[in-house]
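Scroll down for the structure; my scribbles are underneath it.
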Amino acid sequence: MSTFTHIRDGQPSMVDVSAKPSNKRTAVAEVHVDLGADIVSKFENNDIKGPKGPVIQTAVIAGTMAVKNTAALIPFCHTLPIEHCGFEITPRDQGITIRCEVATSGKTGVEMEAMTGAAAAALTVYDMCKAMNKGIVIRDLRLISKTGGKSGDYRAESA
Amino acid sequence: MSTFTHIRDGQPSMVDVSAKPSNKRTAVAEVHVDLGADIVSKFENNDIKGPKGPVIQTAVIAGTMAVKNTAALIPFCHTLPIEHCGFEITPRDQGITIRCEVATSGKTGVEMEAMTGAAAAALTVYDMCKAMNKGIVIRDLRLISKTGGKSGDYRAESA
Amino acid sequence: MSTFTHIRDGQPSMVDVSAKPSNKRTAVAEVHVDLGADIVSKFENNDIKGPKGPVIQTAVIAGTMAVKNTAALIPFCHTLPIEHCGFEITPRDQGITIRCEVATSGKTGVEMEAMTGAAAAALTVYDMCKAMNKGIVIRDLRLISKTGGKSGDYRAESA
Amino acid sequence: MSTFTHIRDGQPSMVDVSAKPSNKRTAVAEVHVDLGADIVSKFENNDIKGPKGPVIQTAVIAGTMAVKNTAALIPFCHTLPIEHCGFEITPRDQGITIRCEVATSGKTGVEMEAMTGAAAAALTVYDMCKAMNKGIVIRDLRLISKTGGKSGDYRAESA
Amino acid sequence: MSTFTHIRDGQPSMVDVSAKPSNKRTAVAEVHVDLGADIVSKFENNDIKGPKGPVIQTAVIAGTMAVKNTAALIPFCHTLPIEHCGFEITPRDQGITIRCEVATSGKTGVEMEAMTGAAAAALTVYDMCKAMNKGIVIRDLRLISKTGGKSGDYRAESA
Amino acid sequence: MSTFTHIRDGQPSMVDVSAKPSNKRTAVAEVHVDLGADIVSKFENNDIKGPKGPVIQTAVIAGTMAVKNTAALIPFCHTLPIEHCGFEITPRDQGITIRCEVATSGKTGVEMEAMTGAAAAALTVYDMCKAMNKGIVIRDLRLISKTGGKSGDYRAESA
């Protein structure tokens, strides 16, 4: 499809999905947060009193709540019953990689929910670490894969 | 400051700002959205019936509402009265660059509001263009500058 | 039906729809905004830089978000998955007419969603124009039609 | 002032109030709800078990919550600390008149809060009565008066 | 089941319900509010102008809105379409007892919705009475019963 | 003061605080959650992979977000800028005790914010543990102390 799905006669508009069948759909989004060596070094220690637990868990919770709240953030997103939402946060040389997977049974996909959840988790990590490094960069937020829906499945090439 | 401001005894926690003075603070965040040549070409036409108006304006509105809603999205963000919020969206070779500037008079800064506003605007552009290109990437979301507050002003080197 | 559906033993209460079948339902609401000749004259120019685009599009977006948020605004409204929401905004001698159409597949109707969406769009137009005319009047907000549900279809006489 | 305060270079935008002084501001908005004789007759009985209590009180509560939530509904409204919000609901021949008064100490006015509160209260009355009369009309929502702010006080002529 | 359903590899997480069947589920929660003799005595008079109507009705409305908003309050709660929500508030020697019943057709239960609704109603009663007695206690908030779902029905022993 | 502050002529209403001075105010609320021996025993292990970290931290985050959201939950609560919010969660024989402390600089107190934060944290613990014990009881939610405001400081006797 090569047109803007949200534009009707020059006015933005919600896409009508009332005639579409409801089926299972999933989406996975990914984002990287470049924290810098100083902060990453603090993640070595896995003790409960250490920072990793709270930072990562706070990001997971903020991301999960954002996934459920996506339709209130993105003007033309449809409200969908989120049946699953999971996060995978893994360390990388100078930072972390956040993956957000979302599943629903509905008439439209959950790409925006996965993208929004990953973004909110990354912003939360930024918020909890920014006092130590104002140069943190949230980069390459993108869709990794989606399943379900008439446009078929999708998997990012480099993924 | 080289510690986690949100961790107290291993538990995440809001930072106590009750003893801080209230003064004017601003923050600017920036993000790039790589849309691809196909979508960018559609932005040439500036006619009201064309897509650019709605896509960009929808992003500005979603970003502005997200700025006001930041404290509800980021667990330990303080609620602040947003006195100004402006967006500057400019075309780039293969996409667009979004700048979000926020101003307040308060006891803590608006970095998170600017970062969240830029992220929400980028996610909205993604939502309105994703039917044409699932490979859109939202990249390099970062703080460009901040003013006000005891930690002083900040300006990103490369900015 | 000639009784108050929300009153049970003198206490307000949500209507129990758990035993009702789920089917397609639509509703259309309409409202007029009397802006005055001065503001209407500014709507002549359709150029993207002109006011009409932003004012109307901002109203459409605010209305769409309000439609999705209706159950959080009206105490005894049920939460419904909004499958479509469209706005039609047309000029009138001294102002504009806003029509909001909503569709869902659910156990209860979307009259309140359509009415709330039209009201939010009108309030947004008011907000963006009030600096020019404090005498703007939002008038005759009403239901134009509804389909689906056991109470049958409805169409306003004068519509 | 005879221009659109929310339009900057053809893009909608929040008005910058950061340089404005903070002072006390009030606003009163009014709206009429034409319910029809059948419903109005049910309002005669003031007994606690009767409908009036719940309907009117539910409207007052929904209106009060909407006043506090205005900045989340109207895209370019500023967030303000609501210091007072009161409703006056009086019977009229074929319906009721709702007045909503709001007060704040801030850098911008509360006209939108008063207008939004009156609209939400009227929509709630509509919701609780619509099963009895689908022809209910919410009409003539307008600003009755405002005080405070550099644009000075305002009082509707016919008020 | 004797494990933490929300913990996966030490990270909190939403429970995946996508493979579960959707069926009717109900839950009832109860809470007591000890108001003290002074406040209870004011509840004798049932006249519409008396306090009981407003206090109780405000609590019912706040509780109903909280039930619909539960998934936004409890991080790992699923969003469910609330098909019914009813409150029963009865006087007790030194206070009141609040019962909240919720019904849905969904893939997971509404225990949290019933618990959250009862809690919000109790907090609202507290808010409206606290000026008269700062020693009000909200006690014994618990689940009374639930039906539907593979874990079967439940009824509290002492209930 | 021995009257209902929220009742005006039999209608619930927000208290007018516009004439009150703004000063620092704090409040502490406490609640107990009786989890039962089985669940408490699982709290022994403090390892990051154990349940305690996540359960407690999720409760702290949900409580903090609820504190900021109190005015949207309790109909006549004023919106206040939360300057601090901290939780103290300690084990007890058969469960845990949650303390929530809130601070603001405003025209009215934060008792409701502290009470709501403690309630949301307790409900979250309940949600994360309920699969193991449906008999969990949230009990004795009350105000422990408050400072600031013309009604003076308060400290619960038994506290």
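Quick notes
The chains carry the letters A, B, C, D, E and F, assigned in the order they are written, with residues numbered from 1 in each.
We adopt the following convention: contacts are C-beta pairs under 8 Å (C-beta built on N, C-alpha and C of every residue); 3 or more make two chains touch, one makes a residue touch a chain.
Bear in mind that the values here come from a model prediction, so they are computed numbers and not experimental data.
Chains making contact with subunit C as well as with subunit D: B, E.
In this structure, the chain pairs A-B and B-C differ in their number of contacting C-beta pairs, and the larger number is found at A-B. Taken over every residue number at the interface, the positions common to subunit B and subunit F amount to under half, indicating a different-residue contact.
Ranking all chains by how far their C-alpha centres lie from the centre of subunit E, first place goes to B. Subunit A and subunit C have Cα centroids separated by 31 Å.
In whole angstrom, the spacing between the mean C-alpha positions of subunit B and subunit E is 37. Within subunit F, contacts with two or more other chains are made by residues 10-12, 47-48, 50, 53-54, 57-58, 61-62, 65, 69, 75-76, 81. Contact annotation for chain pairs lists A-B, A-C, A-E, A-F, B-C, B-D, B-F, C-D, C-E, D-E, D-F, E-F, with touch applied as defined.
Contacts from subunit C toward subunit D in the complex involve residues 1-7, 9-12, 38, 42, 47-51, 53-55, 57-58, 61-62, 65-66, 69, 73-77, 111-112, 115-116, 119-120, 122-124, 126-132, 134-143, 146, 151, 154, 156-157.
Those residues of subunit D that touch subunit F in the shared complex are 24, 53, 56-57, 60-61, 64-65, 68-69, 81-87, 89, 103-105.
For subunit B in complex with subunit F, the residues that touch the partner chain are 8, 10-18, 71-72, 75-76, 78-81, 106-107. Subunit B contributes residues 46-48, 50, 52-54, 57-58, 61-62, 65 to its touches with subunit C in the complex.
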